[in-house]
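Worksheet for the structure shown next.
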Amino acid sequence: MQFTALQIATLIKGKIEGNPEAKVSHVAKIEEAKDGSLSFIANPKYEEYLYHSSASIIIVNDSLELKESVNPTLIRVKDAYSGFASLLEKYNELIARTGKNGIEQPSYISKKASIGKDVYVGAFSYIGDNVIIGENVKIYPGCYVGDNVVINDNSTLFSGVKVYDGCSIGSRVVVHSGTIIGGDGFGFAPQKDGTYKKVPQIGNVIIEDDVEIGANTTIDRATMGSTCIRKGVKLDNLIQIAHNVEVGENTVIAAQTGISGSTKVGKNCIIGGQVGIVGHIHIADGTRINAQSGLSKSVSSPNAALTGSPAFDYKSSLKSQAIFRNLPELLQRLSKIEEALDELTNAPKTNISVK
Amino acid sequence: MQFTALQIATLIKGKIEGNPEAKVSHVAKIEEAKDGSLSFIANPKYEEYLYHSSASIIIVNDSLELKESVNPTLIRVKDAYSGFASLLEKYNELIARTGKNGIEQPSYISKKASIGKDVYVGAFSYIGDNVIIGENVKIYPGCYVGDNVVINDNSTLFSGVKVYDGCSIGSRVVVHSGTIIGGDGFGFAPQKDGTYKKVPQIGNVIIEDDVEIGANTTIDRATMGSTCIRKGVKLDNLIQIAHNVEVGENTVIAAQTGISGSTKVGKNCIIGGQVGIVGHIHIADGTRINAQSGLSKSVSSPNAALTGSPAFDYKSSLKSQAIFRNLPELLQRLSKIEEALDELTNAPKTNISVK
Amino acid sequence: MQFTALQIATLIKGKIEGNPEAKVSHVAKIEEAKDGSLSFIANPKYEEYLYHSSASIIIVNDSLELKESVNPTLIRVKDAYSGFASLLEKYNELIARTGKNGIEQPSYISKKASIGKDVYVGAFSYIGDNVIIGENVKIYPGCYVGDNVVINDNSTLFSGVKVYDGCSIGSRVVVHSGTIIGGDGFGFAPQKDGTYKKVPQIGNVIIEDDVEIGANTTIDRATMGSTCIRKGVKLDNLIQIAHNVEVGENTVIAAQTGISGSTKVGKNCIIGGQVGIVGHIHIADGTRINAQSGLSKSVSSPNAALTGSPAFDYKSSLKSQAIFRNLPELLQRLSKIEEALDELTNAPKTNISVK
């Protein structure tokens, strides 16, 4: 299937620069684009590719200023990344993952469960008692949906997702393979004899609308009440969300980050990968936390940027890191000073003999 | 269902302060407690809530000294957290997860397997050859129990647990969803041509009694012998335990921590989240390791506290971290000294003209 | 089953030192070896065990020089670890995991799938449309193989592996339980209203020949094109490989490491556990990265060793770390200097009265 620059520009409301009849048959990254490729450049780091690319069509930012002439036909939009994304979305709908549908056998669906219209339940999936599944929900093979779970319209569980009893999943939620929702929180009371007594975890997990969760992530149920993943949150793979945590609307968290019990993360935060956050703290809206940081205290003013372990203000932290790298030099300077000083103070006092 | 303060105090052997006829219908966290709520305060951080809470009953520590009068009825016990936990436990038994039972279909149980009384095997679970399953074991849907595995009485595997062949699980063990027990250890011998040759991993994993393991954790089988998780150990989610590791009795490890091959962790240790521990070391009993630390050496004296990456003594490490934060200031002081010193030494020598 | 030193030496082409008729019935780690044990010593750290071991036979390096006489029969080979590994391999083939075979029921195999000779498909495994499975492939119970996936000869998926549609797996590949291949990359375009718009991920994952992947690891599909795991790569458990990453031939990565989007890792690299690597960088061949490091920049010269977060040259980094530990002392020295200097400069100027 081929598309022309004109067709694409129409779809994404872009401005053509070059041949409107240029044709593409596939999408490719700018580094790998060839004749027939449609590509895009959003990050200025990749601009250099523009001048040597054999791509047939490239989507670019409106603001891009050409330093030389280019061969490919350009389509300018305000935000090349979003433009490309919406194009892919349309492409995806048309061509790629055609919607799965119906109940595959063997699967296990409790007679007490309620299943909406146009639902897909893959083979080897398990739907427990009193489960309520909305319309157009897709449950890929090998999922487990425990008793009393609710899954709202248009949500997708990919293969092997496990949802413990009593949890609730909103509309248009996507959960990738191997993710566990509602496992017991890690709560044990130490006993005198050195053993630990389990604190029963009788709460649940609530995932609100438009959330996407990556693969093999774990979200524990609350001890009491609910662990909450608010509207529009995006979680990557292998993330740990402990009991009673709340992640605020539209917050984005990269892979392998862990958030300890009862911490509240604000809205619109951006949290890098492998970050660790202690329990029982509050993180203000719009906080940005750099990868591998360790956050041990609440963040009270919104929109702060933090890095380091323990984390503090981004700019100061970078300064400290730069000096850390030069500590051996700093130490040498210190030793030199000590020598000089030693010489000065131990030097025979100005010998003045005045008659 | 409603309970009175008197009923609760009797159950947990507490002392009532206030109205013994106060009634509760549900449990709630102290921050969210309302009329009809039963709550508890164990952590002094939450004490402030006490004076404004609308909870009907609050369980508190015996040692708590009131700063003002309070509305809720208090129940005092030695340890509010444990008291509350044992209450929840009773509640849980009575009301919440009613025990699953019987063999759901379709499931796969080898004819050579031996299954005890009152066992639950969920649909799509697989029990291999020569497996021995004790009494009252619960295996939720979609588990895999490889050949020659033994699971003792009263243990629970939640949905999607995979246990490789030859591993052994004790009594009253709980394993949460997605956890993998007995995958091959990561052992490869480098070859001259740059490739690696797999070292077959022919050992197993032994999980002793009263262990609880979180979700999506991985415990590798030993190259030879056994990887051992001793009695009473509690492991959180997404933890990595490499081949031939031993984790000592009643040690507690938080999420996303990794322990490399052949390391021996002592008893009653407390290890925070995202800690990394190198291979082939010994960690003494009672060691406490702070979150995100990196341990590269054995710890020989018991009950040490460590932090940092690489980790060292907790108190010293905190001091170094504090100075790290002020490195830019320290550098300025150093530069100032150098200037001053420069001035001193390069200053024209005391000009003394003596006729 | 018993083997003599002569039989073993013949198998691994070693030189016997001691009794060629010494018999072993099992393998054991050197620390735990008893009469009848076959063991090995590759790491000099374990050499001390040699002189007190009750093992019957020990495989050692050719280069080992004895400091005292020893009781066990020694078998010398160039590389004891490799020698032992190849022995275990033979042992494994003979005795331990006897190959699974055939199609267990219930399983789900699309009529449009093509299945090679001598394949094992465990119960509750799912093989989608147009899947091509080569000869002698083993798919343990509870796996999911999405539409259009290709798995070449002699590869093994252990229980619970999930492979999304369109991915490709080479020959002699081993994937351990719970690993997810081909989940969506983490790509979301920020919108003006604070929400995020998903960027469809229409690429795939390509796993080349002779790769081994541990348990619960996640490898995301490319946005476009392919995420590539090259020939001979070894990945441990709980690793995160983001979209469009490429891991070069024979690179080895330890547990819980994460590599962000579009980063290219060279050949023959050795990457420790819990390492974090940012996106869009290149890492030269033969780079060695220490555990828990955070790599934020490309590495352009091959065979560099790096450590720290942010990571820099290994040796310099160790020096900085050593000084970090002594920062409190360094600060004291600085304060002392300031005092001394203060005294010097504020001291009454050399009082000279010259008449």
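The first chain written gets the first letter, and so on, giving A, B and C; residue counts start at 1 in each chain.
Keep this in mind: a contact is a pair of C-beta atoms (placed from the backbone, for glycine too) under 8 Å apart; a residue touches a chain by one contact, two chains touch by 3 or more.
Being a predicted model, the structure only gives us computed values, none of them experimental.
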Rotation, 0 to 180 degrees and nearest 5, that superposes chain B on copy chain C via CA atoms: 120
Same or different contact residues where chain C meets its copy chain A, judged by the half mark: different
Cα-centroid distance, chain A relative to chain C, in whole angstrom: 24
Residue list for chain B, restricted to those that touch at least two other chains: 106, 124, 142, 160, 178, 216, 238, 256, 274, 309, 324, 330, 334, 337, 341, 344, 350, 352, 354
Residues on chain C engaged by chain B in the complex (per definition of touch): 27-29, 32, 43, 45, 79, 81-82, 84-86, 88-89, 91-92, 96-97, 104, 106, 122-124, 140-142, 158-160, 174, 176-178, 210, 212, 214-216, 232, 234, 236-238, 249-250, 252, 254-256, 267-268, 273-274, 291-292, 309, 321, 324-328, 330-331, 334, 337-338, 341, 344-345, 349-350, 352, 354
Chain C-touching residues of chain B, taken from the complex the two chains share: 106, 108, 124, 126, 142, 144, 146, 160, 162, 164-165, 178, 180, 183-184, 186-189, 191, 194-200, 202, 216, 218, 220, 223-225, 238, 240, 242, 244, 256, 258, 260, 274, 276, 278, 280, 294, 309-310, 312, 316, 319-320, 323-324, 330, 333-334, 337, 340-341, 344, 350, 352, 354
